[in-house]
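Shared between the two complexes below is chain A, which has chain B as its partner in the first and chain C in the second.
Let's turn to the complex of A and B:
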């Protein structure tokens, strides 16, 4: 206990270790919070996306905090629904019924929304209702849309209606809907907009509801990708996954390397020589390409990859370092004492030799973690990331596949990159500082 | 292991027999390294064959090639076109069977895998499934060899820049121990845990995306300039960012660890002695500090290059550099097994060759190789 306290006191002299460990701890905390708040299955479901999961998110929206760097007020997503009220149904003498609803919303922003979409949902048996739509601008101008006869759930993306755009002679639907004037005099209108929905229902039990989504240009804390997915989910869940992956890979590699070199050194002779040769060969193998093949032909599962990485890196060059330590340990008096009372070889290796070097290896172990985190990202960029699990590497790879840098969606690249950087730097800083603490020979700065 | 103790004492001009002995020692050393490296390449390739064939992937690849050949030979012969469909189908199957026997698909796995090994080592992997070389060839060997120069250009440049920059900065800092710059480098050493491609992303963002100074990626402008100087300038412009990315990804740690090396050696007694003799500091650095530290530095550098080569795959992908890494990326995308195996093999060769070149450099600068290991120690 007192040794730990002394170690902690010593830590004060290494500001980089303090910074590094603080970041590591906050990342661990973030990971824990994520796992507790968003269940794993829920995260996977959300990340897989598909129909209905992210429909109301804007596409490629910047994170909300981007607003801080912009003088212009960027639009947020506005959703208005007839189910929130404002719907009137009137019975007609001919047995039909008329639905009147107005979807009204404030638009105070300085830029056009990214898209406008309308969901019409009806309950009818045979005859589809007939729906008329009118768009009212704050200046009183009115645009009539084509009549629709929705079947069940009707998704009408106004922004993609080419015929409407041609009829309105506008460059885009959004300009037609939100601008006043045309050509160079055009300007964005702020104020109250309204979409008037008038439907004729032909059946007594039929009903009609409308939901208008005016998609914004900023969304959430992290923005969205090209599939409207909230990047926040992947960024948050990427944390526990990156940490677990890095830690497990580092633990696995270190434990196996240690055991192999301890056994080799203890028994010596041919076994030791074989281990040495394997290490030399292994150091020159093109490991990443072999991993690529495993990913291609067997499984892209993160855990299969983890196993393969451990197998490929357990005969690492670390074995040479450990061997040097073990060789001198082998002759130590306490080992001789253990032998004298009749301890078996395995007992000596696992109870006397390995525990003795563990403290010496902690710095190397901590420094090894970021390498594995980046290795996962590398595999993801090559398209060999786990297809289900959201990781930072997957985000980078998606961004790359969508040419995010080229098209200027910098947030998409920067967010996972900064998190990777923080993880890498914090572990490396802690590891380097620990190394200087434990190995005074290198204490040169 | 090196055949006895050197008889010629140090400092005496080498006689004829001593020279012969040195040559034979360097020769033995080189031969030993060549054998180790070749064994490595063979093991790496055999692993690749095993991994690919455990899922039956190589067999499928061979079978598909047989079918393609049989189909083509059937189409090429106008006489066969006249035969009834059943007969043609029979002929086709016969041909496929014949080819499969020829390829050894009916023989036991161990034997087949050894044949594949030889084929893979000689890069005779047949045709690619989908990818083609720029000259239109579908031979895996042509595709691979066509991409090789681009990779060599990028990594050769980057490695040289990295080595000489790191070593001169490390020497410089070892004289300025404790200075502000020295502290900065020590503090920045952890940046080397991130691979080069990671910094590449930031470089692209800043220099291509925001400042529009340099291209986003690729190797030359499109369309490529026709005259040689313009072409060279264009390639050079495209080379800056990827080389910078590689250098940034490794330099701080290299400087830090080499500087520490130099510091340890510059407090040796013989260095003090040289100072006392009044030698210039540049001479002390060259002859008394660099000389004994270079061999371990070269060994370390050679292992660093191995990881750099592998990082190359992603770096080329990020920068759209038309080399082997980028080829592997497209091969993964189009599930092109022959090309993927070929890439593994060629990377194996590249790693071995890199290590070999550095081994030779090592032999040239490490006196222990020349005079025998025991000759120096005693």
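Let's turn to the complex of A and C:
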């Protein structure tokens, strides 16, 4: 314990290590919080659940904090529902019933909403209700929409109603709905808007509800992608996955190559020769190409990839470095002493040889972690990412596929890229400082 | 002599090197009884350490010849397989304090964990019981018990030596090989360690085989003395008579080279270089440097048993 504290105290002399470790710790904390607050199944539902899950998110919205850089007030998504109240049902003498509802909302923003959508849901047996819709602007202007006869759940995307746009002679539905005046004099109206819903129900137990969604231009902490998915989910869940992946790959690789190298060196002879030849052949194999082949022909599961990466990098040239250390260690007096008191080969390998090199290994191990995180991102960008799991690389891959940079959706690329860079930088900074701490020849103070 | 602790007969250990075969141990025979301390004396490079290695079968890779008989309690351990030898002989019967004892401790283990290793390996004791035993041994060799949680680099040379000794004693073996146990220590610490060894020999009845070039120190502990030269034992004698009157010319020269305090005396040395163990001449191996050589030294002398029970490998005592 005191050794750990002394080590930490030593860290003070390396500001880069402090910064690096702080970032690493924040990433770990973020990963932990994510896993605790958004269970994996929930994250998968939010990421792959289908349109029902993210229907009410705006498309390609920027992150909310983008507002900080903009003098104009950017619209957020507004949702009003008749189930929240404001619905009246009146019985008519002819047995029909009339539903009157007004969906009112404040619109204080400086820009048009991205889209407007309306969901009508009815319960009826045979005869569909008849619905009339009127749009009331703050200046008293009124726009009547076409009558609708909703069947069950009716999704009316006002923004895509071409006939309405032609009738209103507007460039877009949003302009028609939120602008005052036309042409060059047009300006955005702020204030209280209202959608009046009037429905006629022909059946005694039928009911009608309406839900208006005025899509904003900013959403959540990270914005949304072209499928309206909240990027935040993928960014948050990408953190534990990236860290776990990097850590497992680094642990697997180092532990296995260390063990293989130690066993080979200790027993020597043919075993050592075989291990060395495998290492040399493996060093000539193009690892990424093999991974691409595995991804194309076998499986793209993250865990299969992890296993493949560990198997491929287990026999990396690191084995040669370890072997060089072990060869001199093998002749050390304390190893001979261990043989003298009858320690078995495995005991010597695992209790005498391997623990001796671990301090030299820790810096290399720490710097190796981001390498594997990047490798996973590279595979994702090549289209070989796990299709089920949200990862940073997957976000970049989606952004690339949707031409995000070309279309100006910088946030979509920058967010995962910044997280990747932070990960790489923090581990590298910590690793270099650890290297200086554990390697006396590099110590400056 | 079958009730003896250790019998070595015609033990040979030759190494293979690029310039030829090194006959480090060449036909060595001796016996050791219980509760006896045998000092093996000789110059550097005469094969003393190789003898210890040959007894414990701690062989390097370049072994050319390894044969002869080693009997422990009458059992021919040379016939044991490697695994059986490791389990039954190493540390259970014979333990060793290595020449580089200062470096013989695992730098990443606390010394207590290091000392209990043989207990875990050979007896499979639970850690607590092993630590209790280690505590006893630490007291026996005079290491303060609160040093047990330290690492080897936190101890002084003398303390490290004691820890290594504690480790050699932890299984209570009948025989402990001491390979230059005090050569890197100052005289006070040497004396201290020798006293510890004497006490242990008295209290536990352990036998020691003390390999050293330090004749003065060895006289503290030894009951019997064996002198080694060029892979041969040239004299085996009881300690008292040996220190009074060594028989072999080499032993005599060796004794004459020991400095005495406050005594005007020219220190003697043996002319010529110690024999190369690679290119061994015919005849007595000491003959080229021997002041008393005569014609018969052209032939290799046998081990000659003198009337008073000493053994010497020299034609002078035929």
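Observations on the model:
Keep in mind that, in the parts below, the second predicted complex is superposed on the first by the 440 of 445 C-alpha atoms of A that agree within 3 Å, B and C clash if a C-alpha of one lies under 4 Å from a C-alpha of the other, contacts with A are read in each partner's own complex, and residues count from 1 in each chain.
Here is the rule we use: a residue touches a chain if its C-beta (ideal position, glycine included) is under 8 Å from a C-beta of that chain, and two chains touch if they have at least 3 such contacts.
Quantities reported herein were computed from a predicted structural model and do not represent experimental measurements.
Once chain A is used to superpose the two complexes, chain B occupies space next to chain C without a clash. The superposition of the two structures on chain A yields an angle of 60 degrees at the Cα centre of chain A, opening toward chain B and chain C, reported in steps of 10.
For chain A, the partner touching the most residues, choosing from chain B and chain C, is B. Contacts of A:336 after superposition on the shared chain: chain C is touched, whereas chain B is not. In the superposition on chain A, contact of A:405 is made with chain B only, not with chain C. Once the two complexes are laid over each other on the shared chain, residue contacts for A:221 go to neither chain B nor chain C. Contact with chain B, but none with chain C, is seen for A:420 once the two complexes are overlaid on the shared chain. By the touch criterion defined above, A:381 reaches chain B but does not reach chain C.
In the superposed model, A:347 lies in contact with chain C only, and not with chain B. When the two structures are aligned on the shared chain, A:273 is found in touch with neither chain B nor chain C.
Once both structures are overlaid on their shared chain A, chain B and chain C have a minimum Cα-Cα separation of 16 Å. Note for the complex: chain C touches chain A at residues 56, 58, 61, 86-87, 90-92, 95-96, 98-100, 103-109, 117-118, 121-122, 164, 167.
Residues 16, 20, 280-281, 283-290, 292-298, 317, 367, 370-371, 374, 377-378, 381-384, 396, 400, 405-406, 408, 410, 413-414, 417, 420-421, 424-425, 427-429, 431-432, 442, 444-445 of chain A are the ones that touch chain B when the two sit in their complex. Interface residues of chain A, counted against chain C in their complex, comprise 268, 332-334, 336-344, 347, 351-352, 355-356.
Considering their complex, residues 36-37, 39-40, 43-44, 47-48, 51-52, 54-55, 57, 177-178, 182-183, 186-187, 189-195, 197-198, 201-202, 204-205, 208-209, 216, 260, 263, 303, 306, 309-311, 313-314, 317-318, 328-329, 332-333, 335, 337, 340-341, 343-344, 347-348, 351-352, 355 of chain B touch chain A.
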